[in-house]
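Next come two complexes built around chain A: one with chain B, the other with chain C.
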Partner chain A sequence: MNTDVVPGVVAVIAVTIATLAISTWGLQFSRTTSDFFVASRTVRPALNASAIGGEYLSAASFLGIAGLVLTFGADMLWYPVGWTAGYLVLLVLVAAPLRRSGAYTLPDFAEARLGSRGVRSLCSLLVVVIGWLYLLPQFQGAGLTLQAAINAPPWVGPLVVSVVVLVNVGSGGMRSITFVQAFQYWLKLTALLLPACVLLAIWAGDGAPDPTSRGGADLWSYPLGEGGAQGLYVTYSLIVATFLGTMGLPHVVVRFYTNPDGRAARRTTLVVLALLGVFYLLPPIYGALGRIYAADLAAAGGSDVLILELPRLMVGGLLGELLTGLVTAGAFAAFLSTSSGLAIAVAGVLSQDVTGRRVAGRRLSGVGAFRAGAAIAVVVPALVSVSSPDVGVAQTVGLAFAVAASTFCPLLLLGIWWRGLTPAGAIAGLAVGGLGSGMAVGWTLVTSGTTGWVGILLAQPAAWSVPSALATMVVVSRLTRGSVPPHASRFMVRLHTPEAVDLQRG
Partner chain B sequence: MNDNPRVRVTGPSRRRASTHRSGRVEIDAGTELGRVFMRSLLREQLGLALGILFLLGVTVGVLPLAFYLVPELAEMLVGPVPLAWLLLGGLVYPWLLLLGWLYVRRSEANERDFAALVEEVDRS
Partner chain C sequence: MTSRLRPWRRTHLGTEADRATFRTLHTASLAAPALREGLTESSAERSLRHLRVLLGTPAAALTDTSGVLAWAGIGRHHAEETARFIADMGEDAPTRIADMSVCADYGCPVRQVIISPLVVEEVLVGTLVVGAPHATGSLIRAANEVAAWVSGQLELARLDDSRTALMEAEVRALRAQISPHFIYNSLGAIASFVRTDPDRARELLLEFADFTRYSFRRHGNYTTLAEELRSVERYLLLEQARFDDRLKVTLRIAPEVLPVAVPFLCIQPLVENAVRHGLEASAEKSDGVGRLWITARDLDQECVIEIEDDGTGEDPERVRRALAGDASMDSVGLGNVDARLRNTYGDDYGLVVETALGAGTKVTVRVPKFAPGVHV
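== the complex of A and B ==
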């Protein structure tokens, strides 16, 4: 075995053991089905915010941004800005009402609000689709990382991640995963912060060369892609997808049900904004330093491993090896925590709507159905990622955001703030948004040959698919205004009144 | 499972015998007065949310348009750092946090006012 791989192997094993140990420790608190799904809704804001941060900072955040900044420059800064601003939009429009709705999952919310099984089924389908779309790049990123860090074949990463996630999620559910994810946020932050300090010191010691002065700098520091009207459209469409898509991601939403009440849900979100803001200061530093010290990585198309390679390129000897081990540990934590969160969200929906159903006269227990759901949630995308390893990582995450923004965002906004939403309106809007955004990006992923305005409109569908879904929901709801659910007013009372006021919320 | 009962520990109500209907009862019964309470709370909260989103829109939201209309902005330097990097890589995050903090403060105040209003009707 080559000594180059030692830090990577040690890091991956250490993170795996720490994850399983914390998960086992958390197990002693997990007793009931409610513990499994929502940690019995007793997670305090500071712990919950760390867990949300840990879950949300995925492979795309940890590895992807630095690589994108290295290759494409300042316009890629819009990704972390959008991913953080998405939480602000979520805070002001949905956080507290969503918690007060008292539902476990997005389909639960839709059914409670609209009283329709049809809407529920469509939402379940969308949760599974978005969850799988988001899991796929996590598994692929894990394959890439283990390939870069320990020269493993590409199927090892997905295998290791899915086994750890399954053990983790299947044994302790939401309660123990909360501790694991909180730990993983701080691990990820440390894993970027310490090396960044060392690398910045070395950069300053080298006389602080200017990254913008390296070749092709004109566009690199220009925050609008290729520029012109198309660059403007792409940037605004990205803003729509990320600002509005965050609230529709199933693993983000399910976390809000673990807060004790609506007020705690808001405070949790505020802490999340702070935690994300601190973390996202770091990846662009790696991107800019990579411009100076690792310019050939971008040319060779290997920009996704920039964060893993940069410490070794800039620092030699033992320190370089230690820092490499640290960033590898952080990257691996990113795959584990995001995959765990997604697996919980998808497993929660599957166990209610698929594995919890009566089959041949027998029905699985609540926890048994959850475990079966978790297995399906993880195994399907893991198999897909092994069989088709060439789908673009960042593109797939972008697709998940666009689909979430075009479906669940309008449903949540209108469901929470407008009494007049009807089941027919919700179904029509979800169909228009889901089919429009899904087909557009699906087409882009499959062909990738379409150019000009058509290609750009298809590659970044959010700017047209979100408004059309929203408009469809409103128009169809107005046309079917007779079928506004009779309990709509009562449900609005429940969503918006503070828990301290003692009202009937049934 | 779905609705863990919310228990509020209070003393026994001494006003049940009164002929006044409390603010809570008005809302529970869905009377015109109850609807007015709810409408005012919803309007306050939605107005606050839209106000915060407006602030987000006119600051972060107009940046792409500004860079499109005035491309020279991208080359402007603030100290050693290009303006675009300073804004998008750094300053935007404390600004988002400040907006979030403002929202949490105001929305909790709105809810306290609502609770006080409902209680006041209780006592009258």
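== the complex of A and C ==
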């Protein structure tokens, strides 16, 4: 065996074993024996925030951003900015009321707010679609990583990740072992931070060359350097999608349930903002260093593996191998944690609405239905990722955000802040936003040749699909104002009154 | 084309008489939902619209025993006069026909009113008033039939009320069920510490105060699992003060499920049962210790709480009877908790009891993290 692959193999195996071990025996860590007053030990905001960070930082964050910055320059920094700022919107507008609603998933919120099974079913469908869209790049990233680390064929990564996730989910259905997810965040941070420090030291030792001066005096370091009106549109659309999409991600919202009250939900979100802010400082450093030391990667179309290749290119020797092992471990942790979170969120919905249904007079038991749901949740995106491996990792994630922003964002914002929302309005808005952004996504995934304004509008649908979904929801709700749910006002009071206020909430 | 369609349509919709019956039944079904809320001004208003259509008279009214609740149609100015007739109606008064005094409006079609009593459980609750130019025999018959039907609906409403009241009474009963023995024994145990260990006595007394405050609280049907478990812990502290080493408790709680909303006092009675079973058996065991395990796990959309003891166990048949609500069994808590869980979350979420004589008992409670209408 080639010695180049040793650190990668060791890293992947170590992370896999650690994840399986912690999730199998994890319950023992998270519970205390013979210890009284455990009930007062709710999950603290700092721990919960680490767990959210662990689940949220996906392949796109870990691998995608550095590659995008390397190839396209500074305007790609909107991705990390948007992914962080999404939590700011969540903090200000959604976190506390959503927690006070008592909903566990987004379909739960829709049902509680609007009292309609129809809206609930539509939301369930959207959760599955968004979950699959988001799982797709995780599997692609896994394929790329294993290809770069151990020269495996591209289908090995998706296979390994899906098997690990399925074993993980199937063994106990463990959704929120907070400790495991929190550990994953710190692993990912360390895996980027340590190599970054070493690489920066080497860069300083080389006389700190300026990344902007390499490869011709182009517009690499300018936001909106090129592209004119289309570039401006793409940037705005990206901002809309990422700022508003975060609140609609199925695996993020369920973690807020762990907070004991609305106030803790806000605190958690604040800490998440800080943790993500720290993390997202690192990938651009790799992007900039890659501009100096690995300029040919971008030309060869391998920008997504920049983070994995850079330590070896810059350091070499044993240290280089160690650092490579570390970033590979971090990347693998990114796929595993995000994929498990998403697989469980999608499996939960599928087991409730599809596999848990009575088919031909027979009905699967709760656990059986959940496992069947998990299998469907993982296998479908894994197959798609093997068959169409050439869409950029960060771009596919961007599409998932666009769909989330066009559907759940209007539902949550209007559901929380406007009592006039009706079930008919919600269904119409979800349909317009979901179909609009969904068709754009489908088009982009299937054909990648469209150029010009049509291609841009389809590749970045958020800027037109979010406003149209919002407008549809408002207009149809006004037209059907007679069907505002009778409990709307009471529900609003519950959403917006702090828990400290003594109030009859029934 | 039309002529060929007609025979088909006639057979499809039935004869003229059939259609009249359908219309009547449909009108009655429209009036029913409002009446099922009981006899109030708003329900009378909503149902009366349909009742007047049913009767086909110019005026109709619903009253309680003191006055008119709602008046539909013309002749509203007769309401006060009608109220006077109702006031002197006795308990088992028959239907009566009253002549309205000559009114200023010569065109007023309400010359006579038929007052039919509405009787629920043999008590007069109100009347149905039908106003017409002339009270014919058939109209009196119709008024009586409609009044009887309305009485039936009101009786059903009373039944709904009593079912809700029953559930509330059961929760109250559970609160009151904190046995006098427990209070007496706890205070006794605390008293024994007063001289030897005053600090502990003080702590236990505070635990006792908090425990009773939680158990006797009046508002809300739901609480968080954290609150419920805190109360369980207080209860166990007090029991352990009494039995010291004879009771070993292991709690394993996943912190993720602590915010779940659960029915008030749905864990506490189960723990009390387990403690009793565990202690009963401890005397016969070599080490003389009764063990108890309380586990709460996170299962995605649900949370699973298990209460297990290594006590004498129970005959499964007796448990089945206790769950079916047989009041002669001593585990009243079991049937009550089971009924409330099913009532709240549906029949899929009843208690699961695994037990056999001499093999201990394990009670499993499954609670969904979200259910419509369930919140703290």
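List of remarks:
Criterion: the second predicted complex is superposed on the first by the 459 of 506 C-alpha atoms of A that agree within 3 Å, B and C clash if a C-alpha of one lies under 4 Å from a C-alpha of the other, contacts with A are read in each partner's own complex, and residues count from 1 in each chain.
Here is the rule we use: a residue touches a chain if its C-beta (ideal position, glycine included) is under 8 Å from a C-beta of that chain, and two chains touch if they have at least 3 such contacts.
Worth saying up front: this structure is predicted, and the values here are computed from it rather than measured.
Of the two partner chains placed by superposition, only chain B is touched by A:Ser489; chain C is not. Of the two partner chains placed by the overlay, chain B and chain C both lie in contact with A:Ala103. Shared-chain residue A:Phe370: touches chain C; no touch with chain B.
By the touch criterion stated above, A:Val446 is placed in contact with neither chain B nor chain C. Of the two partner chains placed by the overlay, only chain C lies in contact with A:Val43; chain B stays clear of it.
With both complexes superposed, B is the one of chain B and chain C in contact with more chain A residues.
In the superposition on chain A, contact of A:Thr258 is made with chain C only, not with chain B. In the superposition on chain A, the residues of chain A contacting both chain B and chain C are 33-34, 41, 102-104, 108, 504-506. Listed in rising order, the residues of chain A touching chain B in the complex are 33-34, 41, 74, 77-78, 81, 84-85, 87-89, 91-93, 96, 102-104, 108, 208, 210, 212, 221-224, 227, 231-232, 235-236, 239, 263, 266-267, 269-270, 273-274, 276-278, 280-281, 284, 288, 417, 489-490, 492-493, 496-506.
Those residues of chain A lying in contact with chain C across their complex are 27, 30-43, 101-105, 108, 111-112, 115, 173-178, 257-261, 344, 347-348, 352, 366, 370, 494, 504-506.
Residue ranges on chain B touching chain A, taken from their complex, read 1-4, 6, 8, 10, 24, 27-28, 30, 35, 38, 41-42, 45-46, 48-49, 52-53, 56, 60-61, 63-65, 67-68, 71, 74-75, 80, 82, 84-85, 88-90, 92-94, 96-97, 99-101, 103-104, 107-108, 111-112, 114-115, 118. Chain contact summary for the complex, chain C toward chain A: residues 219-221, 224-227, 229-230, 233, 236-237, 248-256, 258-259, 261, 295, 297-302, 369-370, 372, 374-376.
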